[in-house]
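Dumping the structure here so I can ask a few things about it.
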Amino acid sequence: MSAALEIRGLEAGYGEVQVLWGVDLSVAEGRMTTLVGANGAGKTTTLRAVMGTVRPWKGSVRFYGEDVTHLSPHTKAQMGLVLVPEGRQLFADMTVEENLEMGAYSPRARKNLAANLKRVYQLFPRLEERRAQRAGTLSGGEQQMLAVGRGLMADPRVLMIDELSLGLAPVLAQSLFGTLKQLKEQGLTILLVEQNVHLALALSDYAYVLAEGRVQIEGPSREVARNEEVRRAYLGI
Amino acid sequence: MKLFARPFFWLIVAVTLLYALLPTLGQNVTLRETLVLSAIYIILAANLNLMIGYTGYVNFGSIVFFGLGGYLTLWLVGGHHWGLYPAVLLAGAVTSLLAFLLGIGVLRLRGAYFALATIGINEAVKDFVANFDPWGGAEGIFLPFTAFKAMGGPGKALWTVYLLIVLVMGLSLLVAYLVKRSKFGLGLFAIREDEDAAMVLGVKAPLFKTLVYSLSAFLPAVAGGLYFFKNGSIIPDEAFNLHLSIEAIVMVMLGGQGTVTGAAVGAALYERLRGLLLTIPGLSNFHLVIAGVLLLLIILFAPGGLMGWLYRAWPRLRRVLE
Amino acid sequence: MKRLWVLLALMGALAFAQGNTITIGLTVSKTGKYNVESVNQLHGIELWQKWVNDQGGIPIGGKRYKVALKYYDDESKAERVQQLYSRLISQDKVDFLISPYSSGLTAKAAIISEQYGKIMVATGAASDSIFKLGYEHVYQIYTPASRYLTGTLDMLRAADAKLKKIAIVYEDSKFAKAVATAAKAYAQKKGFDVVLFEGYPKSTTDFGPIINKIKAAGAEALVGGGHYADGATFARQLYEQKVPLKMIALLVAPASDEFAQLGDAALGVVAPSQWEPLVKYQQTCGPSPAQFTKMYQDAYGKLPAYRAAGGFAAGLVLQRALMDAGTTDPAKVKAALDAMDVTIFFGHIKFSTDPASHGLQLGHEMVQIQWQKKGGQLAKQIVWPLGAKTADLVYPIR
Amino acid sequence: MPEILASVLDGLLIGLVYGLAAIGLTLIFGVMDVVNLAHGAVIALGMFAVYLLFGAGLHPYLGLFVVALIGLAFGVVVYLVAVRPIINAPPLMTLLSTFSVSMIIIGVGTAVWSTSPYNVNFPVTTLRILGYTVTSARLVAALAAVLVTGFLYYFLYRTTLGKAVRAVANNREAAELMGIPSQQILAISFGIGTALAMLSGALIATLFPFTILSGGIYELKSFVASVLGGLGNPTGALFGGVILGLIEGSVAPFIKISWTNVIEFVIFVLILLFFPTGLFGGRR
C-alpha cells in the first residue's frame, strides 16, 4: 500500500537548538495515524517541519510520492496537505463563515466550496448557527470545531491535527473525537497529534511514539496501547 | 571595575585628545569647524545608542534633547545674562529631568508605538517653541555680542566652546562604555533581548528604561547648548530638526548598534561621507539617494553594521573594541 | 580640505604682476534651499567684479586694485557657514567679506567676521536683529524688515484716507514675523485698525482657515505673506474664495516674475521690492539703474532681479568706501562706511552709527510694485514712491 | 457664526482626504506590523504623478485611476526590495528600511523637480452652499476619498482576495497553512497601501500647490489620524482623519492657526499614552 505521507530522517529545530533528530514516519492512505509522546518530545515540531513553517534541516517529506520537503507551506496546503494547528490559530476578527471560506482559498478547494461548506455545517451544526459571529468571540469548543472545519474546507488529502482536545472539557473532547471518527469512516487520511493518548490510540489505526526527537516505537495502535514499556517510559500512564 | 587598566578607556582618552589637539596645535579654524560637526554627531549617536543599541527602544525624536538644551542655554545666556557654564549644566539637568518625567509615560509604549510617540514629542515641542514668545517664537533667540565678549571675544569663545564640545564627546563615549560594562547596562541588554523575561528575572525594566532615557538626554542637551551658543542663534527648525535625529539612527546603524566604537565610528564616517557626497559635483543632487541606498544595503545585508562585520572577520576584536 | 572649495576667482596676470589685488570672500548657496536666490546674488557680485576690473580696478590712493572673489558653497546650511568664513579669513586671507544669502546664514557669518574684525557687507539679509547684537563690522545693504511694509501702508493711506480695517497675516518665519510686527506698530500709528494679526506655519498650503478668519474679521485690506511658495498660494486662494479686499500686499512672492503664472489671481496684488529694473534713482556714483540693467542683460540674457542688484550694490558700496578711505586699511574703510551717504542705482545708502544698531541700513527705501494688465498682458508696474512710479495704483482691486 | 460653520465644513472636507492618506498607512501596519516611513514620500509621488499625467493631457480626476495603478505596482516593488527580506526582523529594521526608501524617493524627486512648488492648474468652479463658498475641487476630493474608502471596504469584505488580506493580517501563519500565499498577499497589501497614499497625494495636489517635500506634513497627519482611530483599523483611520480635520476647522476661529499643530501633536502623544488602541479600537 502506498503511503500518503512519507517522512524520512527529518531533522529540525529553532535557532541553534535541534529538536528533531531524524524522524521516520509514514501515513497510510485512508487511515488514521497518531503521533504520541510526552511534552517536548517534538510532536508539534514534526508537524511544523512537515508543513514547512519550521524549516527542515535534513531529511525528506514525500506527499503521495512527490518530494515536497522544501515547498512553501501554502503550496503544500494547496496540494492537499493540511494542518489544523495547535491553539486553533483562527482569523479572530473574521466571521465564522469567512474563516471557512479562507480554508477553501486554494483553487483546488474553491471548486468544492459550496459542497464542503454544507458538509462542515452538517458535521458542526453549531458553526452554522454562528456563521456571522466573529471567530474570536466563540467558545473554546466552538473555536476548535471551526479550526477543524476550516481544515476540512481545504479539501485535504491528508489532514494533520495538532492537539485536538487541548484545553477542552472532556465532554467536548469526546464529541470532537466522535466527529473525527466519522471523518475517518468517510475515508479521510488523518495524522493526529494528541495529548489524550487513550483516546488517540483507541481511535487510530497506527501509532508512533516520539521521544527525544526520534520515533522510539511504532506499530498498530492497539498493540502500542498494550505495550507496558511504552505506557511507563514514554507516555507516563 | 579598574577603569584605568582598561585599554578601551585609554582609547577614548586618546581619541578625545586627538580631537582636542589636532586643530588647536596649528590654530586651524577650518579643521576645527569640520571636527566640531563630527564631534556633535558622535555625541548624538553615542547617546542615542544607549536607547537603540542597548535597550532596543527606537527613539526617532532624540534631537528634541539637543534642541531643548540649546534653547534653555541661549535663553539663560542671552535673556538672563548667565554665564555659559552654569547655563549648559542647568540646561542639561532640566532636559534630563524633563526626559525622566516624559519617560515615565512614554516608555510604557513598545516597538512602533514608542517610535511614533517620540516623533510626536519632537514635533509637538518644535511647534510649541515656534509659538512660545519668551523664546522668540519663530524668530528664535539671537545672542548679543556681549555674550562672546564675556568669554574673551568670539575668537577665544569659539575655541573654548570647541574644546568643551570635544570634552562632552569624550564624556559621551565614557558614559556609553561605563554603562555597557555595568550591571545597569546588563539590565538594559536584557530588556533589549526580551523585556518580559527580563522583568521575570528581576530587572526593574520601567525604572531602567526611564533612567537610560533620562541619561541619554543629558549630554546631548549640554552639547546643544554649546553648539547653538557657538552659532550665536537658535530657531525652532534648526533646533528640532527631525531629519538630524533620523540621521543619528543611520550613524548608529552604520557603525553597529550596541557598540560604543560603532556609534562613534559610524558618526564620524557619516559626517565624512555626507560632506563628500555633497561636494562631488554631479553627486550633490543625489547625496540623499546614495545615503538612502547605503542605509538600505546595511539593513538588508549587514544589520550588525561595521562593527558586526569586523567582529565576524576578527572575533578577537570583540574583546578590545567595545 | 580641497573638496570644500571651488575657486572661481579670475585674476588678471597684470594684477598678479603689480600685486595690487583686493580679495573679497563669501559663501554662496550653490545647493540647498537658497540656491536660486543666492546664485542670483552671486551673478550681481560677479558682474560688479567684471565691471570694476574692466575699468582697470578700484583707484585707491593713486593705485589701482583689481578685485578677486573667493567663494565656497555653503549648501544653504548654517553649520557650513561658520566653517567656511573662518577658512576665508584665516587661510585664504581675504581682505573683505560679503555675507551669504539670507538673514539666518548672515547672522552666523557675522559672529566670525566680528571675531576677526573683518568688514562684511551684508546683502540678501533684511533682518534688523543682526544689527542690534552689538556687531561693529557688518553693514546692511537691504532695507531692513522693520521698514518693509511701511511704504505699503503709506501708499494705502494715500489712496484711501477712510480705510480702517486691515489684516496683517504673515508666515511664521523669522523674516516675515519681524516685518509683520513692525508693520503692525506702524499701521496703528497711521490710524489703521488691525483687525487680524496672525502667523501661519511655514509649510502651509491650505489657507482656508486663515481666509475664513479674514472674512470673519471684516478686513478691507491685507498685508503680509512670507516667501514665494506660500505667498503665491495665498494669493490664489484669496482669489478663488473671492475675498472682498481693496488691496492685497504680500511679501516677496509678487515681486518674482513667476507670479504672473497665477493669471487673474495675480491681478492687483502689491508687493514691496528692494529694487526693480524700472526704478529711476539719480545715482551719485556707479552706473545708473538703466546702465546696470543693460549690463546685466548683456551678461546673463535676462532682466536682473533685486537680489542680483543687491549683489552688485554690495560690491559698489565696498568700492566706494575704499575710494573714500584712500587706503585698504580696515579701520579707515570702516570709518568711510560709517560716514557714507550716497545714492547709487540701488537707491540711497546710509548706515546707522548708533552703537545699538550699528550697520543697520537707514537710507534705502522699498519700492512698491503692482501686477496690472497692460495691453492684455500681466505686468509689474512701480506704483510707489510717486517719484519712481511707472503707473498709477489700481485701487480698490475688488 | 457662519464663519465658524464654514471653517468646520472646510475641516470636514479636508479631513476625509487626511483619512484616506491615513488608511494607506494603517492598512500596511494592520496587515504586516510595518510602520511605513516612506508614506510621506509616496504621497508626494502621488502629487507629482497626477501633475505629470495632467501635463500629458489627462484630466486630474481621470488621472486618479492611473495613479492608483502606478501606486499598486510601485508598492509591490518597494515591498519586494525593501520590506520582504526583513519582514520578520525587529521593528527598527522595517522602520529604517522604509525610511531609506523615503530618502531615495525624495532624493531622486529633488534632483528631478527641485524643491520648488508645482501646481495642477485645471479649471475649478466655485460653488455657494448655504452662503458659504466652496471650490468644486474640495468637494470632489472629499467625495473621491469617501468613494475610494467604500471601494476598499468592498474589496476587503466582499472579495476573496480582500478576505485573504484580512486573514493574513489576522494570522499570517494560519493563512499560509490554509494555502494562502502570504508573501503575495503582503506584497499586494503594501501595494494597496501605497496606492491609497498616492491617491490621497493626487487629491491633495488638486487642491494645493506641492513640492517633493510636501508629503512630510501629511505623513505626520496620517500618523495622528491612524493613531486616533487605532493603528491597523482602516475605518478608525478614516474617522481619525475626519476628527483631525474637524479639530483643525473648529479650533481655527478661536486660536492662532499656528497653535493647531501643537494641539494635534499633543493629542497624538496623549492618545498613544492613554488609548494606545485608539478611539475605535485597533490591533496591538
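Details
For reference, chains read A, B, C and D in written order, and residue numbers begin at 1 within each chain.
The rule we apply is simple: a residue touches a chain if its C-beta (ideal position, glycine included) is under 8 Å from a C-beta of that chain, and two chains touch if they have at least 3 such contacts.
All values derive from a computational prediction rather than experimental measurement.
Relative to chain B, the chain whose mean Cα position lies farthest away is A. Here the chain at the heart of the structure, going by C-alpha means, is D.
A straight line joining the Cα centres of chain C and chain D is 40 Å long. Averaged C-alpha coordinates put the centre of chain A at 54 Å from the centre of chain B. Between chain A and chain C, the centres computed from C-alpha atoms are 79 Å apart. Looking at chain A, one finds that none of its residues touch two or more other chains. Among the residues of chain B, those in touch with two or more other chains are 127, 130-131, 138, 285. Chain D has residues 256, 258, 261 in contact with two or more other chains. Two chains count as a pair here when they touch; such pairs are A-D, B-C, B-D, C-D. Listed in rising order, the residues of chain D touching chain B in the complex are 29, 33, 35, 81-82, 85-86, 89-93, 95-97, 99-104, 106-108, 110-111, 220, 223-224, 227, 231, 256, 258-259, 261-262, 265-266, 268-269, 272-273, 276.
By the touch criterion stated above, chain B contacts chain C in their complex at residues 27-34, 37, 127, 130-131, 137-140, 142-146, 148-149, 153-155, 158, 230-233, 235, 237-238, 275-276, 278-280, 284-285.
Listing the residues of chain C that touch chain D in their complex gives 33, 35-36, 172, 198-201, 203-206, 208-210, 212-213, 215-216, 228-229, 232-233, 236, 240-242, 261. Those residues of chain D lying in contact with chain C across their complex are 3, 6-7, 10, 14, 114-117, 119, 124, 126, 133, 135, 207-211, 214, 216-217, 248-249, 252-253, 256-258, 260-261. Contacts from chain C toward chain B in the complex involve residues 1, 3-4, 31, 73, 75, 78-79, 82-84, 86-87, 89-91, 104, 107-108, 110-112, 114-116, 129-130, 133-135, 172-174, 177-178, 199, 201-202.
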